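Next come two complexes, and both contain subunit A; in the first it sits with subunit B, in the second with subunit C.
The block that comes next holds the complex of A and B.
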């Protein structure tokens, strides 16, 4: 078994794996956050394992299993998807255990200390938008989850790669030829999937929180350059709750946090096919508005 | 690295030991306690012993996460208990909450930070059918299971298949006895009803002494020992007096009455002897001995396997895995529950499956649909 650690503030993961593509990809994607030197004095938050299923399954249609400590939250995937199962497993681990933050399923990007969160279901084009913004002067705080300090508008970075699917994979490689990509996980439930490493600058600022000033629900639409729909508070509330992993578990505190956020931020739904127009809109109407 | 399983016991008995523990050891401890399902219980103890505020923020964060879940569950259980009690009060002579839910509802030391995945209730067997129907109308539905399984549950077991509430997602296990009918010494309804208590809100549980006996019977007639350390620590906490350091002798007398009436002396005797061994609790010898009413060989065998099987087992605790004793405990559990012929059949099926898993990999019997983060979101949204 290979063992390595990923220091991804605010958490430290210890990972064991007997599948070489897991360690190779993690090393590639996380750069300085990856280490094989295990400091015995470190406080490890979660011990994760990605391993094959054993028996002759190792040779015939090999599988990859994910375990958080000794719990196995998902059924195994095909072994070529082993790195993806680690990324999804880390998301699950945080979403299932961490109740000190209100966690919203969304991308988080910032300019200066002002952040916008993009809650959206899979298939909305959220990750492609994230990849574009993260390479156009915005700071990536997360592609998957906004960790919000309860009763504030402060979002904590949890800097991780951007998960791109299907057609976006080719586009991203073409747009950002200098970026670092994982190997492709073929034929997952989301189709083909690749992870694109966060920038050096995003990693360097991975402990610097930002204030949420806008909540934007993106929806890619090939027929619209950019259409903007201001949302009323009720709609935003319902959508945020729908995207909050731990809303009911935290209870009253998360209710107060979400209400406070909505009252203090600008809320829009956008339909778009032009990423530069989106960028300009976000910068002018939300970041530079005050 | 932690030292051994005994260290976990020591730290439960004296949470201030945590303060002199290196930070890396504390992180391992959090992982082991979470795995043993006692992290929230431990978190309460650190508060009670004034240790919590002095801990490092990283350790605190994990304990706070556990406390949040426990608090949320407590709220949820109180709500469900009053809904279910009201719903069934005209259907069944009694609606008694058992095990984890009962500990929470009784608000005793053992209930603090106790978490569980389902709520166990006991209803009058004669009125089981109408209870099921009333529950179904209120949204409590069973998952689909095979006819064979359904028959097994109703004819041999002491509960019906689990029911899930279609909106809230809560799961209940409806029991019609406290131990499987098949084991032949299941108590009668009349014997059980004399140990039911009702609180101010009209919610029923077994009396604390009967809760203890039930917990002991459950632990020592089981064939699943994955949560065994939590279960033996339940028994330990129930035996403590108000100061929380010595055994409550009046409670021992109450327990004796229940054990004698329901003839569960042996399980109570085993519970006493193992609690006193593991947690160094001073229980008067005569209480232990008068209840251990099986042959000396049988008693020695049970004590031999349980003194290790009931300790926490985890890769982070060197030497804690005792697979042979664990295997014996499982066989023993089946043997107590089932007639010999049925046991042979059951073991052959289980053995066959584990051989196939060894050859074809762990997940050969796992159904194909994938459980992913997206599905979890959907489930969550569904439950909201």
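The block that comes next holds the complex of A and C.
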């Protein structure tokens, strides 16, 4: 078994794997956050394993299993998807266990100390938008989850790669040829999937929180120029709760956090087909707004 | 329909400052709900439920079923 550690503030993960594709991709994607010389007595937040399924499966259609402290939240996937199952497993681990943050399923990007969160369902183009902005002067805090300190508007970075799917894979490689990408996990339940490494700048600032000033629900629509719909606070609240991972687990503190956050943010739903127009809108109407 | 309703004990209520609505949090069940009217309008609904149209009555009935409001006697 290979064993390595990922220091991804605010969490430390120790990972064991017997699939070379997992360690190779993790080393490639996470750079200096990846280490192999481990002291098993060190405190870490989570001990994860990605391993071959046993028995004859190992030789006939090999599969990869993900385990978090010996629990297995997902069914095994094809072995070529082993790195993707690690990334999704880390998402699951944090979303299922962390109660000191209000966690929203959302991308988070910032300029200076001002952040916008982008809650969105699969297929909305969230990750493609995230990849574009993260390479256009915005700081990536997360592609997947906003970790909000309870009773504040502060979002904590959890800097991880951007997960791109299907047609977005070719676009991202064309737009950002110098970026680091994982191997492609083909034919997952989301289609073909690749992970694009966060920038050096994002990693260097991965302990620097930001104040949430905007909540934007993006929806890519090839036939639409930029359409902007201001959202009232009540509708923003209900959509945000719908995208919260741990709202009910945290309870009253979570409710207080979200309503107070929404009282302070600018809230929009946007339909777009031009990423540069979105960038200009976000900067002018939310980040630079008084 | 009873004469009037009141917000149940133990409910968190937040009227948003943009007057877009009121949101409710049941601290016992952790269920969340909202109505898209200002607090003053919602209070009128609670006090005079017999004046409401069918759609507004459905909203109150749902809040009643979820335990956010109770009969006021």
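The definition used in the following text is that the second predicted complex is superposed on the first by the 287 of 290 C-alpha atoms of A that agree within 3 Å, B and C clash if a C-alpha of one lies under 4 Å from a C-alpha of the other, contacts with A are read in each partner's own complex, and residues count from 1 in each chain.
Keep in mind that, in the parts below, a contact is a pair of C-beta atoms (placed from the backbone, for glycine too) under 8 Å apart; a residue touches a chain by one contact, two chains touch by 3 or more.
Note that the coordinates shown come from a computational prediction; the quantities given were computed from them, not determined experimentally.
In the superposition on chain A, A:263 contacts subunit C only, with no contact to subunit B. With both structures placed on the common chain, the touch criterion links A:97 to subunit B but leaves subunit C unconnected.
Of the two partner chains placed by superposition, A:112 touches none, neither subunit B nor subunit C.
Subunit A has more of its residues touched by B than by the other of subunit B and subunit C.
When the two complexes are overlaid on their common chain A, residue A:76 makes contact with subunit B while staying clear of subunit C.
Legend: residue contacts after superposition of the two complexes on their common chain; A:88 is shown touching subunit B, with no touch to subunit C. In the overlay built on the shared chain, the residue A:177 is in contact with neither subunit B nor subunit C.
Judged by the touch definition given at the top, the superposed model places A:251 against both subunit B and subunit C.
In the superposition on chain A, A:241 makes contact with both subunit B and subunit C.
In the overlay built on the shared chain, the residue A:45 is in contact with subunit B alone; subunit C does not reach it. Comparing which residues of subunit A touch subunit B with which touch subunit C, the overlap comprises 241, 247-248, 251. For subunit A in complex with subunit B, the residues that touch the partner chain are 40-47, 52-58, 63, 65, 69-71, 73-77, 88, 91-92, 95, 97-100, 105, 122, 189-190, 241-243, 245, 247-251.
Listing the residues of subunit C that touch subunit A in their complex gives 12, 14, 16-18, 20-23, 25, 27, 30, 32, 34-36.
Of all the residues in subunit B, the ones that touch subunit A in their complex are 1, 22-24, 26-28, 31, 34-35, 56, 58-59, 61-62, 64-65, 68-69, 72, 75, 314-316, 357-364, 366-374, 376-377, 380-381, 383-384. For subunit A in complex with subunit C, the touching residues are 232-235, 237-238, 241, 247-248, 251-252, 255-256, 259, 262-263.
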